[in-house]
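There are two complexes below, and they share chain A, which is joined by chain B in the first and by chain C in the second.
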Partner chain A sequence: MKTVVRRLAGHLARGAAMIWVVTTISFVIIRTIPGDPVRAQYEKLIEQGMAPDQAERATAALYGFLPKGSLWDQYVGYLNGLIHLDLGQSLSTPGTPVATLIGSAAKWTILPVLGGTLLSFLLGVTLGVYAAIKRSGRLGDALAISGSLLHGVPQYVIGLLVMAVFTTLWPILPAGGPVDIMYDPGFNAPYIVSLVEHATLPVLTYALAGYGGWILAMKSSVATVLGDDFILAAELRGLRRGILFRYLARNAILPLFTILALSLGMLFGGAIFIETIFNYPGLGLLLVNSIGARDYALMGGTFLVITVAVVVANIAADLLYAVIDPRVRTGGAA
Partner chain B sequence: MTATQTATVLPAPASTPRRNFWRGVVRVLRRKPSRMAGVVILVLFAFLGVFGPMLYPSPLPRDDNALYAPPSLAHPFGTDFEGTDVLALVVTGTRYVLLAGLATAVITVALGTAIGLLAGFHRGRWDTVLMRLTDLQLTIPGLPLLLVLSTVWKFTSPLEMGVVLGVLGWGGIARAVRSQTLSLRERGFIEAARGLGLSTRHIVGRELLPSMAPYIAMNMLIAVTGAIYAQVGLFFLGVLPFDANNWGVMLNLAVFGGGALTSAAALPYLLAPLLAILLLTLGIVLVVDAMDEIFNPRLREE
Partner chain C sequence: MTESSSAPGVRVRDLTVVYKTPAGELPALAGVSLTLAPGTITGLVGESGSGKSTLAFSLLNAVQPPGRRSAGSVEIDGIGDVSQLAGDDLRRVRGRQVGYVFQAAQNSLNPLKTIGKQLLDLGRSHEVADLPALVRDARALLGRMGLDGGRVLDSYQHELSGGMRQRVGIMLALVLNAHLVVLDEPTTALDMITQATILRIVQEVHRERGLTTLIVTHDMGVAAEVTDSIAVMYGGRVVEHGPTTAVLGSPRHPYTQGLIRAIPRLSGDIAEARALPGRPPTLGTMPAQGCVFRERCPERREICDSVDPAPVAVGDRRVACHAVEPAPASARVRKECA
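== the complex of A and B ==
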């Protein structure tokens, strides 16, 4: 128990350090953008006849830091706002706090990402065991090759191909957006059907993009465990195949959880492409659009939230790992 | 120990192991024709990267009568929104893509190897600091960071793009090199070299690095693929100016501007750059597979 607490404390410290680095990067970038958007906003308000202190406050509300004073004061002001969970105001949709926009976008990212990851994990792990056991056979070979190819191809290529196939060549699914606007939102059948239809292609893309990595990782992990003495011993003891499989799978699946942690970070990168392709209003599309609209407060906020999500996912995966692998829990082997 | 034996065997005629090496390469390539195909694909792309822009007049000719033309003999992949030949766009775009990929690979390998070696060889405090840094680099979501950076950086030259991608992408190699260093430094031959009183420079340069070189080379190829995806992806998302000649620009215009997805006739415009990416990836994957077997004798099936 003590080790778990210590691990958690270490993770939290490292996560905080990372979030600090990311906010600093955001701050520096917003300050160095050609044309100084913060200054420009302040001066625009002054020109519109606003009193200096009023303009200052309005600009500060927009960006989360003051346009005047030393760089250090601005930086401290910015961090202070973030600590109070104030991400500033959006420029492209005036009057809306950045946090609100991010909150409504988050659900469109989290659900498809989780669905796609779960699907590809289950599929990849099951087929990975098969590919490892039958690795000299033709089917095992074919599975491994399909894994290498899908793993090697970037998500946007998969997304674009999926889109071309299912919306142009064989148009059976809607091309973009989260839902058809003609249905009333709520718990009614046409609305839910429309939601599912629109989510199918993004989820399929997430699943295809993740599948390759899982099958390759599981295959090599199973191949390693197959060579272990305890498997030989279990075979010699004449244990049933089901029990043998459980021994194998439980040990082989362990290293995959560290990959899961890293892949969640990658998935947010992938979400940017997949949401742009399918015009799906999640965090990735929000980030891309904020850059297109020069809405820098929204950009910084989205970047920060994506980073926090990655940090949290990392910590969760590590704790999960401790629960699953008793060796880590007692702190003996780690 | 075996170290003394290797020491006496090594200075033998240097040409024999060399020749054996090349014979091994040929044998590995021959056994699976797909690997030969991989080499051919990479050579082809290298040729296009170097000579591609010279094959076509600059700027590329436009044909106002053939906007979004379907594939034909004159235009194997059709034409784009200005009537420019899509194949010509792909060929001339190869140089930016490959140059940026190469620049990234050189920087990731140089930085990653240096940091990994330093951390693994000296261990202790340096190790802790460098590995924390590596963890940080690895966990910061890279693509969002690149997008945010694109607001201040325009990446008009492929080298600039390569430098930024390289500086943001050395973590994987650093971690891999460190773990290799940690395991190699406990081996007999390193211990022997230290026992002989050889300098650290000699041990690192002559003993450690050569045994890791194939491993690093493979990581470099993987870094090239990563760099290609990232830069094409950035252009595809449309956050960078379109004056660069890049496959990603084609993808963006095909999907968001050209409506290549609204009719099957315009699909080749979208498919051409995708095919180029897939072919290049395939080439790299096949060559990595071949290298894996050349340098890792344990994988060799006799």
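== the complex of A and C ==
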């Protein structure tokens, strides 16, 4: 238990450091982008006839830090805002805090990403075991080829294909948006059905895009474990097939957990294409729109959230690993 | 639990195991016959690639693909011909009636489960009704081998040393009361002290439990120390098999003689140890006819090029060499044996 706490503390410290590095970089980038958007905004307001101190306050409200003063003062002000969870205000939707925009977008990303990734993980891992065990047969070949094919096709192509098939060729599902606006939001059947219908294609796309990687990774992992001596030893001790299979599967799936947690983190940013295709108002779409609108405060905020997601996923992966692999568990205690 | 409390005898007859290669199916064992007398420790020695492990695996009908048994039988008292078993019948023999102990250095235990849980998996697989008794037996066996049984059962593989793992392997092979035990290079990769300990344990447990034991090793010292009889393998054949003292004291087959000459002595000149010239044949370079050892043999004669010598009884041992017995006699003895 003490080990776990110490591990967690170490992770949190490292995670905080990483987040600090990323926020610093994004601060510097925003400040050094040609034209300096902060100063440009400030000067634009003055040009519009605003008094300098008023313009300064307006700009400060927008970016969360003062455009005047030394770079260091601005940096300190910016970090101070972050610590109080103040990400500034959006430029493209004036008056709305960035945190609010991100919060409402996050819920549209988290569930489909989680659902799609877990679906592809379960599918890929299960079929990967069969692909490895039957690797000299026709079924194994077919599975491996399906994995290679899907792994090779870019996410957005899969998204467009899925869209074409299910909304045009065989129009059974809605093409875009998160939900039909004609239903009252809330816990009622038509609204939930509409939510699920709209989420189906993005989830399917995440699942198809991830499936290839999982099946290939699991296949090679199982093939490696199959060659391990302890599997042969267990067989020569006459262990039942079911038990042998558990020995095999648990050892083979181990390295994939890290990849799973990491990919969950990465998908927060990687959802850009899929959310754009399906016009799904998640973080990816928010990021794309903020870039299009040169909404630097929103950009910075979105980057920050993606960074936090990756860092948290990393920590989760490591803690999970310690739970399922006894070698890691005691390794920390030494 | 039904137990056969007596040590079984083992009769391997004309066993041929072939491996599938791009060049066709090549024999790793070419008509091997070997008898393990009940209650004895037999050492199976030879260089890498001589077929020792293939023969050891055959006792559990566990030759790994791309290898397969193409001819011959492996009769074990109380079981019958193991090579005819398959599926659940074969699974039940493994572990319960024939114990197999792996090399120490290579990991023969599931890294993610404690030894105790793996012991329970073993018990459940073999329908052991009284699992607490199984755990008690295991603890007693481990204690017998000088380990703290309770602690070991609660440990993961990575928490145990090589010597401890090896004893756990022996425990798992014996805990279900198997009376035929196959040890595959049991002391390779262990330090000298641990090696001696393991060998002593093997010998003592063998005697106490009344086992028939086969030890596969490339170490003549190991074989000399613990075995009752030695079978020397070369090129997929048993070239000499007899009582340990006889085989080591007055080797008859030129290969055995070469092997023993190649052992450096602690006392004496290192130059006295003479390596065998040449290298052992691989599956691909095995001559199709004649004696497989002739290229390295100091006693080579004309007949060796065309006729593969059959094992013949010479006193209390069997030797397969034209230089030991003239060819016609060997043909006659082979007929008698069949």
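One rule holds in what follows: the second predicted complex is superposed on the first by the 314 of 334 C-alpha atoms of A that agree within 3 Å, B and C clash if a C-alpha of one lies under 4 Å from a C-alpha of the other, contacts with A are read in each partner's own complex, and residues count from 1 in each chain.
One rule holds in what follows: a contact is a pair of C-beta atoms (placed from the backbone, for glycine too) under 8 Å apart; a residue touches a chain by one contact, two chains touch by 3 or more.
The structure presented is a predicted model; accordingly, all values stated were derived computationally and were not measured.
Of the two partner chains placed around the shared chain by superposition, neither chain B nor chain C is touched by A:A189. In the overlay built on the shared chain, the residue A:D228 is in contact with chain C alone; chain B does not reach it. With both complexes placed on chain A, chain A has more residues touched by B than by the other of chain B and chain C. In the superposed model, A:Y247 makes contact with chain C only, not with chain B. Judged by the touch definition given at the top, the superposed model places A:V5 against neither chain B nor chain C.
Contact with chain C, but none with chain B, is seen for A:R237 once the two complexes are overlaid on the shared chain. In the superposition on chain A, A:L160 makes contact with chain B only, not with chain C. In the three-chain superposition model, chain A touches chain B and chain C at no common residue.
Here chain B touches chain A in the complex through residues 132, 135-136, 138-145, 147-152, 225, 229, 232-233, 236-239, 251, 255, 261-264, 267, 270-271, 274, 277-278, 281-282, 284-285, going by the rule given at the top.
Put simply, chain C touches chain A in their complex at residues 60, 62, 64, 91-96, 100, 102-103, 106-114, 121-122, 124-126, 156, 158-159, 169, 172-173.
For chain A in complex with chain B, the touching residues are 14, 17-18, 21-22, 25-26, 29, 32-34, 148-149, 152-154, 156-157, 160-161, 163-164, 167-169, 175, 262, 265, 268-269, 272-273, 276-277, 287-288, 291-292, 294, 296, 299-300, 302-303, 306-307, 310-311, 314. Those residues of chain A whose C-beta lies close enough to touch chain C in the complex are 228-230, 232-240, 243, 247, 250-251, 254, 324-327, 330.
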